[in-house]
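Shared chain: chain A. Partners: chain B in the first complex, chain C in the second.
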Partner chain A sequence: MLVWSRPWRIAAWALAVPLFLIVYGLPVGVIILASFSGQWNDILPSNLTLVHYAKAFRTDSYDALRASLLTGVIASAAALVCGTWAALALRALDRLPKRILDLFFFIPSAVPSVSVGLALLVAFSQPPFLLNGTAMIVLIAHFILISAFTYGNVTAGLARIPADCEQVAESLGARPFYRLRRVTLPLLLPYLVAAFSLSFALSMGELGATVMIYPPDWVTLPVKIFALSDRGAIFDAATLATILGVATLVVLLGLSRLSTKAMTR
Partner chain B sequence: MAEAAVAVAPAPRLNLNGLWVAPPLLVLAVLFFYPLGLIVRASLGEEAPSLQTFEQVLRSSQFLDGLYHTIVIAISATAGCIVLGFVLSLVIAFVPFPGAKMAGRLIDTVIALPTFLVTLAFTFIYGSAGLLNETLMHVFSLNLPPVDFLYSQWGVILAETTVYTPFIMRPLLATFATFDQAQIEVASSLGARPLRIVRQILLPASLPALVAGGSLCLLLTVNEFGIVLFIGAKDVITLPLLIYSKAIQEFDYTTACVIAVVNVVLSLGLYSLYRLAIAHFGGRRAGLV
Partner chain C sequence: MSQATVMERTPAARHFVASAASSVADGSRIGFENVSVTYGALTVLESLTLTVNPGEIVALIGPSGSGKTTALRAVAGFVRPSAGRILIGDRDVTHLAPYDRKTGMVVQNYALFPHMRVEENVAFGLRAHGANGDLIRKRVPECLAMVGMSAYAKRYPRELSGGQQQRVAIARALAPKPQVLLLDEPLSALDAQIRRSMLDELAKLHRDLPNLTVLYVTHDQSEALTLANHIGIMRDGKLKAFGESQSLFRHPPNRFAAEFLGRANLLPVSDLEPTDGQMARVRFGDVTLSAHNYHGVAASGDCLLCVRPHDFRFSHNAAEPNTISGTVISVQWQGDVHCITLNIGGEEVRMTSAPMSSPPRIGELISVYFNPAEVTLVPEDASHG
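And now, the complex of A and B:
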């Protein structure tokens, strides 16, 4: 306890709690409110309606929701496989090559997403890889942008699992693949789930690279939200933003519950 | 322990084990380093490599303007994040209030949400027909919206500060959680006032977290795209936005590639700074990277 006297403590709260609410509570509140409002010409919306939600699940907004969910799941799964593979393989290396390759796998997180988008656009619009205009290029962009985060999460998890479990398994004669399947991966499971949920959330909100490369039939939610708000349809944009936020949080919460379950088992 | 086990293993097996890293490395090479190499090549002109386009672009007022805005916005937003993050973390950690835990969890979710949501929310709060302006116009019976900063550099800075403050708070709260509370109690029983405790005990203790979080913020704010795009102010152009408008709106790929190369070099530099800061101060990684 830093502040002992009661009046001062109350003063500190009186400063911090409203600050917190204005900075984080208010933005979330207005987006949700806007998603339900029919008209908002005064301080508060004059009437509430569900029409934006009805629209969101019927028109091409629904396609955007589907595209985003599919992109998130596929790209995160691919990044999880690749990141876990890299993290496991890197354990067997010597110190110096390990540090260099570790940096390699982290670099995608340090490169601006718009530049990644431009690079993919340039690279995959010419032979030998012609992918421009396909959903595949969006998947690749998301995979690249989240791969460093999954790799980082799995590496951090690997450092934390007890090494003796694996050594005991080895000394009992477990072959490497059996050891991986029955000892290492189960121990790693909570971190894998955490890595997946983080990458899914990042993919759901990705805008910079996607906006450079998306084909007309694979518009993700963030791109759609931008298109709507650019057109002035801010209530529809707010509705999709609410759906995006809720979908992300539901997946995050569900997976984090799964991961604590796996941790305590 | 794992390294020790490998070191004991005979040499031929070690080599084979090293080969396992090849598949993910190959994926990364084809999907990331090859495209990155191509934009470097494209930035050197279409025929024989030359630095001519490079020079032209780097001298153009558009580029210099973009670079200036990028740096000013990144530094101001990072400074804002550090101040706001420090104050909020102090209160959450040391003047705990009911719901402080919830607040901490909320911070974690803010990190996972897309950045442009805040800009969208700001339109409803600080926009010309937003909550704040409508209220002020009602209360003081004004005809014109009095608050008009959203569609300027300040709007971008405020939005980025909001979005990236959690990246400061996460390592700070982790530091404060392992902080020995007895130090504060001893200091205050010796008569030190809260402000002095903050200045002489808590600030030095949180320096590693602040440096790590701050340099991550700098990296993220330099590369921020969604917020700037959503605010869409004509005179606030940053490097990522310039790349987007050159490539997508003007189809000028060579110029876009030159700016992209500069942007990549800038952020790789900032990333090295971040890694150095962590290595030097021994701070924890500020969450994601």
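And now, the complex of A and C:
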């Protein structure tokens, strides 16, 4: 702690906790509360109900949840494979070419997602690259937006794995692929899990690019939430937002347990 | 720990050691032929030529940055020479990938695979070579017994002390029966006491595996003197001296070798005059001394007289031959020895002696002598070295 004396420390907490609750807690609390409310005219809602949830799982909102989860998993898995592969391949390069390629990988994460969406829309609206109106174009957009993060995460992980382990493995007779499978990837596992988690969370919340390109049969949850709130169906939007948050959280918690297990094995 | 020691003493363990000895591949020669390594404009290894004979331990010593690790990694295949050839046995391995070289490598920080149990670490090399399960089940306990780690097979590396981890690293390197064993400062990360006992165990290991060829890199001269048959002394990427350990210690060929190996006193002497056999007379100030001219330094030249601190004895008669006198600058008691620094004719000279009940006092004038056969004349290098 930066504050030493006891009264000042209490004062610091007294300031920090309410601030934290207002900035982070209030919006989340309101969304969750709204998802259960039938009417909200006073300071607190009245007629608490589960009808929004029932609706969410009966209507096309369920398809949106499915589309989001599938998009998140597929795009993150693809980004993980490509990002890891790129990070491993570029590791051996000299400093200058590596810097240039690092930059190349970094660009998509620096460009606003709306621009990425628009660029894809323009690029893939003509044969032979006609992907407009397909789920594929959504997957590609998400892949572009998150692959930079996987690449960055895996590169950081590679720099941190014990330096001599791989060379010792090689001198023991391990050929490159065997070494990769038995030494490099297992040592990298915590970073791979972290990379996947981050990608998945990003993909689940992606709106900017998706809203430019989504086809009618592949509406993701954020797009659906945006549409509902645009129509004024705030309670339904809040319900889907809660479901989105919970679904993401469940996946991330599962992954983090996996990663802890890998670390302490 | 105690359990492992017990294991080691049992007849079964003895048998393991014996059978393990016969099952290590016959050692192969390691040959450096004019090997140079450069990084850009920087030459870190300059035309190194050196042979480690089968079954021998050769130590490379030298200050940090002198190119020892580079030389070792060139044998393992992780450093590509810009010139020269490297041989293991009769194979030219200069352009072979590391995994095809059949070397065992042990590094300073152990580099055990943290995600594998001890037994899996040791089995790694066997599996990488496609060994079958029977062989692995036989060979892994053998190797763990060799280093006294049988009781720890199921542990993970982080559950072991540094010394134990290094034993496992050695067992892991030996398991696939390498042709040569490469040790890069294997004891440097251990504390002094463990280092001492590990040194004894490495010596024992080599007695048990007399065919094993070892290249041992260290900056610690006592490790080199304890283990090695031959020692190479490196500096700035060059091999400054190479020779059989005892003879290199007794007759260092140049100033750097004398100072780095055993911190010898080097007295500037002149007017060399050969006497009978390999002996010679030289002048030091206004005293005439005789010494072994092992390297055949040319007559009448200037050279250095190399006297080890323990070669000096106290003299009671300043007129005796080979006696020099000086004033005491400092006296240190270090438990098992007394270290005394003298000023003799403007030179600072260090000597050690058995602990004394009444050591000389600072400022006192004392006389010391040495046996001419035990001290060597060293040519004064033309270069700075």
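The criterion applied here is as follows: the second predicted complex is superposed on the first by the 258 of 265 C-alpha atoms of A that agree within 3 Å, B and C clash if a C-alpha of one lies under 4 Å from a C-alpha of the other, contacts with A are read in each partner's own complex, and residues count from 1 in each chain.
What we mean here is this: a residue touches a chain if its C-beta (ideal position, glycine included) is under 8 Å from a C-beta of that chain, and two chains touch if they have at least 3 such contacts.
Remember, it's a predicted structure, so these values are computed and weren't measured experimentally.
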Just to be sure I read the superposition right, which of the two partners does A:174 touch: chain B = first, chain C = second, or both, or neither? second
First (chain B), second (chain C), both or neither: which does A:164 touch? both
Once the structures are superposed on A, label A:105 by its partner contacts, choosing first (chain B), second (chain C), both or neither. first
With both complexes overlaid on chain A, does A:70 touch chain B (first), chain C (second), both or neither? neither
Is A:222 contacted by the first partner chain B, the second partner chain C, both or neither? first
Contacts for A:85 in the overlay, against chain B (first) and chain C (second): which applies, first, second, both or neither? first
Which one hits more chain A residues, chain B or chain C? B
Given the touch rule stated above, what does A:258 touch, chain B (first), chain C (second), both, or neither? neither
Residue by residue on chain A, keep only those touching chain B in one complex and chain C in the other, then list them. 163-164, 167, 170
Counting only contacts in the complex, chain A reaches chain C at residues 162-165, 167-175, 178, 182-183, 186-187, 262, 265
Please give the residue numbers of chain A that touch chain B in the complex, ascending. 1-4, 8-9, 12-13, 15-17, 19-20, 23-24, 26-28, 30-31, 33-34, 40-43, 82-83, 85-86, 88-93, 95, 97, 101, 103-116, 118-124, 140, 143-144, 147-149, 152, 163-164, 166-167, 170, 198, 201-202, 204-208, 211-212, 222, 225-226, 229-230, 234, 237-238, 241, 244-245, 248-249, 252
Residue set of chain B touching chain A in the complex reads 1-3, 5-6, 14, 17-18, 20-21, 23-25, 27-28, 31-32, 34-36, 38-39, 42, 84, 87-88, 90-92, 94-97, 103, 106, 109-110, 112-118, 120-125, 129, 131, 134-135, 138, 162, 165, 181, 184-185, 188, 194, 197-198, 202, 219, 222-223, 225-226, 229-230, 232, 239-241, 243-244, 247-248, 253, 256-257, 260, 263-264, 267-268, 270-271, 275, 285, 288-289
Within the complex, chain A is touched by chain C residues 76-78, 97-99, 101-105, 107, 109, 111-115, 124-125, 127-129, 156, 169, 172-173, 176, 182
